[in-house]
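In the two complexes below, chain A is the common chain; its partner is chain B in one and chain C in the other.
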Partner chain A sequence: MIQKLVNILLVEDDEVDVMNVKRAFTKNNIKNELFVAGNGVEALGMLRTSIVPLPRIIILDINMPKMNGIEFLKVLREDENLKNISVFVMTTSNEDSDKINAYNLNVAGYILKPLSFEKFITSVATLKNFWSLCEM
Partner chain B sequence: MAKSEKSCQEELSALKKEYEDFVYIVSHDIKTPMRAISNIATWIEDDLGPNADVDILNNFALLKSRVGRLENMLNALLELSRVNRTEMEMYEVNIPKLVEECMATLDNKLNVKFHINYNLSNENCITLGKKLNKVIFNLLDNAVRFHDKQIKNVFIDVSENEMEYEIKISDDGPGIAAELEDKIFSIFYTVNSKDVLDSTGAGLTISRKIIEMVGGAIQYTPAVNNGSIFQINWPKIISLKN
Partner chain C sequence: MEGLNILLVDNCKNFIENAVNAFSQIGIQSTLCFAENNTEAWSMLQGDYKLSPLPKIMLIDTNAEGINGIDLITKIRDNFELKSILIFVISDVDNDENKQAALNLNIAAYMSKPFEKGEIISFFSTLNDYWNSIEFSSENK
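Let's look at the complex of A and B:
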C-alpha cells in the first residue's frame, strides 16, 4: 500500500501564527503539504474547488474576520462533501462557550495556543501523531 | 430631580458589566501580539544558533521572562473580570475534603507541615464549591510560596457560628507589616520585588473579590511570631447580588 500524506489546511488570519505553524512543521520534520486560508470564506473556497487535495485535515483558528471559526464549522458540517473532514481548533480562546460550540460541531481536538514556541512544537507533534494514524 | 434608587442601581449594574466586558476584551485581544513577541524572540534566538554571544542570549531570556509575566498578568485580569460569571455552581462540599484537595494541588509542599483543626457540627455544606476552593487554595499557596523558614508551618482552622464559617489560614513565615494591609489586596501588588520572587500579585485580589461577591469578609493580621493570619468569614447561605 502506498502511504498518502494528508494535506493540511490552516485557517488562520494572523501572519505570525501562520509562520509559527510553518516553523513548528520544520522543527518536527513534518513533510505534509500546508495550505493557508486567511478566514472561513477563503477556506471554504479552497476546499470546494479542491485546491486542497484529499485526504485533508483542517487546523482552525476561532477569532477571525469575515467568517470566524465557529461559523465556518457550521457551514462545513452542513456540506455533504466536506462534513467528514477532521478539524482541530487552535485558538487563544479559553472560553467555555467557544469550547462547547466547537465540540458540538464535532471537532477532533481543541488546542490552546501556548505562549512559548517550545510548547507549541510539542502541540504540533501531538497533532502529527494523530494524522499519521489517518495516513496508514 | 434626584435619580430614583432603582435607576441608580440599573446604571451601576450596566457600568459594572461594561467594565468587566472591557477588561475581558482588552486582555483577550492583547494576547495575540504578546504571543507574537514571545515567539519571534524564540525564532531569532534559534536562528542565531548555539554560538551566539552570551549577553544576547541572556537578554533573550529576560525578554521572554517578562513576556511570561505579562501573560500571567493578563490571565489574572481575565480571571478577575470573570469572577462572578464562571464556576458559579452551588453544590454540596465536604469542607475537610475540600481543604485536602487544595493542599494536594499545591505546587511545592517540600518541608511544609500542615496543622489542621476543625470545629464543625456538620462538615458538609451547599455552597459555591469552586470559589471556596479557589480562595483556600490561594491563601495556602501564598503561605507556602512566601515562607522563608526551613520548616514551613501552615495552620488551618475552620469553625462555624450560626451564620457563617470562620476559616483561618496562618503561617510562621515572614509576615506582612500591618501598614501594608490595604495594599496587599491591590492587583499586581507584591511585597517583594517581582525579581526576588516571581509572582503576579493577583491571588489576594481575586480571593477578596470572590469573598465580597458571596457577602463574606477577609481580614489580615500580623501574627505575634512574625507570621501572617488571614481570616475569612464565609456565609453559610449565599445570596448573590445582581
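Let's look at the complex of A and C:
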C-alpha cells in the first residue's frame, strides 16, 4: 500500500497533533500525501467536492468542534461514494462508548493518541508496517 | 489482546498449522480458533458452538474452496451482535472484484496470503504489533 502512495486524510482540530502526525510521517519516511481537515464538516466538504484526490485512508480524531468523529463516521458510512474508505481513529478519548460506536461503524483500528512524540513515532511506524501488508 | 478469541476461517491445513506455530513462537496471548467453512464459522459465531467471548478479530480466506467470504462477511455485518468484528481478509488469488466487494464491507484489511513458514511468522508478527497498538472495547459479548 505504501508503495502505491495512496492519499491520506487527517481529520484533526488540534494543530499540535497535526504537526506531530506530519513529523512522525517524516521520521518514518512515509511519502504518502497527507491532507488535513480541521473537523468533520470540513472533511466531508473536501471529500465531496473533490478538492483533494479521494483518500484511501482517513486518520480521525473523535473530539472536534462542529462535527465530531463519530458523527462524521456515520455520515461517511451512509455515503455510497465514500463508505469504503479505511478509517483509523486516533484520539485521546478512552471512553468505552466511543470505542463501541467506532467499531460498530467499522473503523480499522482505534488508537489512543500517544502522550510523547517518541511514542507517536512508534505508533505511526506500527501503522506503516501494517499498511505495508494491505492491498487498497 | 490477552483473553481474546481470534477466529481463522480457512481450510488449508498447512496454513492453519503454520499460523498456530507462529502464534506460539511470537507469543500471541489470544486464542486462535479455526473454522473450515462458512457453516462451521457461523456455528461458532451464532450457533451450537458459539465462542465465548465472541471474537473481536477474524481472519478469512475469501477464495478457499467451501468458503464464500463475501457471503460470510455480509452476514456478519448484518448481525447486530457481530457487526463490529475486525475482519482481515487473506487471499492467494488476484481477484479485484472480490477485493472491492470485501473493501465495500468495511473490512480492516485485504492482504496477500503468505505461504512460506518465515513469511507467515513475519505476517503474524506485524499483525500482532498492530493488534497490540489498538484499543478494543471492554464489552464481552
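The definition used in the following text is that the second predicted complex is superposed on the first by the 127 of 136 C-alpha atoms of A that agree within 3 Å, B and C clash if a C-alpha of one lies under 4 Å from a C-alpha of the other, contacts with A are read in each partner's own complex, and residues count from 1 in each chain.
Here, a contact is a pair of C-beta atoms (placed from the backbone, for glycine too) under 8 Å apart; a residue touches a chain by one contact, two chains touch by 3 or more.
A quick note: this is a predicted structure, and the numbers were derived from the prediction, not measured.
Student: Is A:Asp96 contacted by the first partner chain B, the second partner chain C, both or neither?
Tutor: Both partners, chain B and chain C.
Student: Check the residue A:Leu112 against both partner chains and state whether it touches chain B (first), chain C (second), both, or neither.
Tutor: A:Leu112: touches chain C, not chain B.
Student: Once the shared chain is lined up, is A:Lys74 touching chain B (first), chain C (second), both, or neither of them?
Tutor: Neither chain B nor chain C is touched by A:Lys74.
Student: I'd like to know which partner A:Phe130 touches here: chain B for first, chain C for second, both or neither.
Tutor: second
Student: After superposing on the shared chain, does chain C or chain B touch more chain A residues?
Tutor: Of chain B and chain C, C contacts more residues of chain A.
Student: Determine, under the contact definition given at the top, whether A:Arg23 touches first (chain B), second (chain C), both, or neither.
Tutor: first
Student: Just to be sure I read the superposition right, which of the two partners does A:Asn104 touch: chain B = first, chain C = second, or both, or neither?
Tutor: Touch partner of A:Asn104: chain C, not chain B.
Student: Regarding the shared-chain residue A:Asp14, is it in contact with chain B (first), chain C (second), both, or neither?
Tutor: The first partner, chain B, only.
Student: State which residues of chain A lie in both footprints, the one left by chain B and the one left by chain C.
Tutor: Comparing the two interfaces on chain A, one with chain B and one with chain C, the shared residues are 96.
Student: Give the list of chain A residues in touch with chain B in this complex.
Tutor: Going through chain A, the ones touching chain B are 14, 16-17, 19-20, 23, 92-93, 96, 113, 115-118, 120.
Student: If we count contacts the way the header does, which residues on chain B are in touch with chain A in the complex?
Tutor: 28, 31-32, 34-36, 38-40, 42-43, 64, 67-68, 71, 86
Student: List the residues on chain A that touch chain C in their complex, please.
Tutor: 77, 83-84, 86, 94, 96, 99-100, 103-104, 106, 108-112, 123, 126-127, 129-130, 132-136
Student: Any idea which chain C residues touch chain A in the complex?
Tutor: Interface residues on the chain C side: 77, 83-84, 86, 99-100, 103-104, 106, 108-112, 123, 126-127, 129-130, 133-139.
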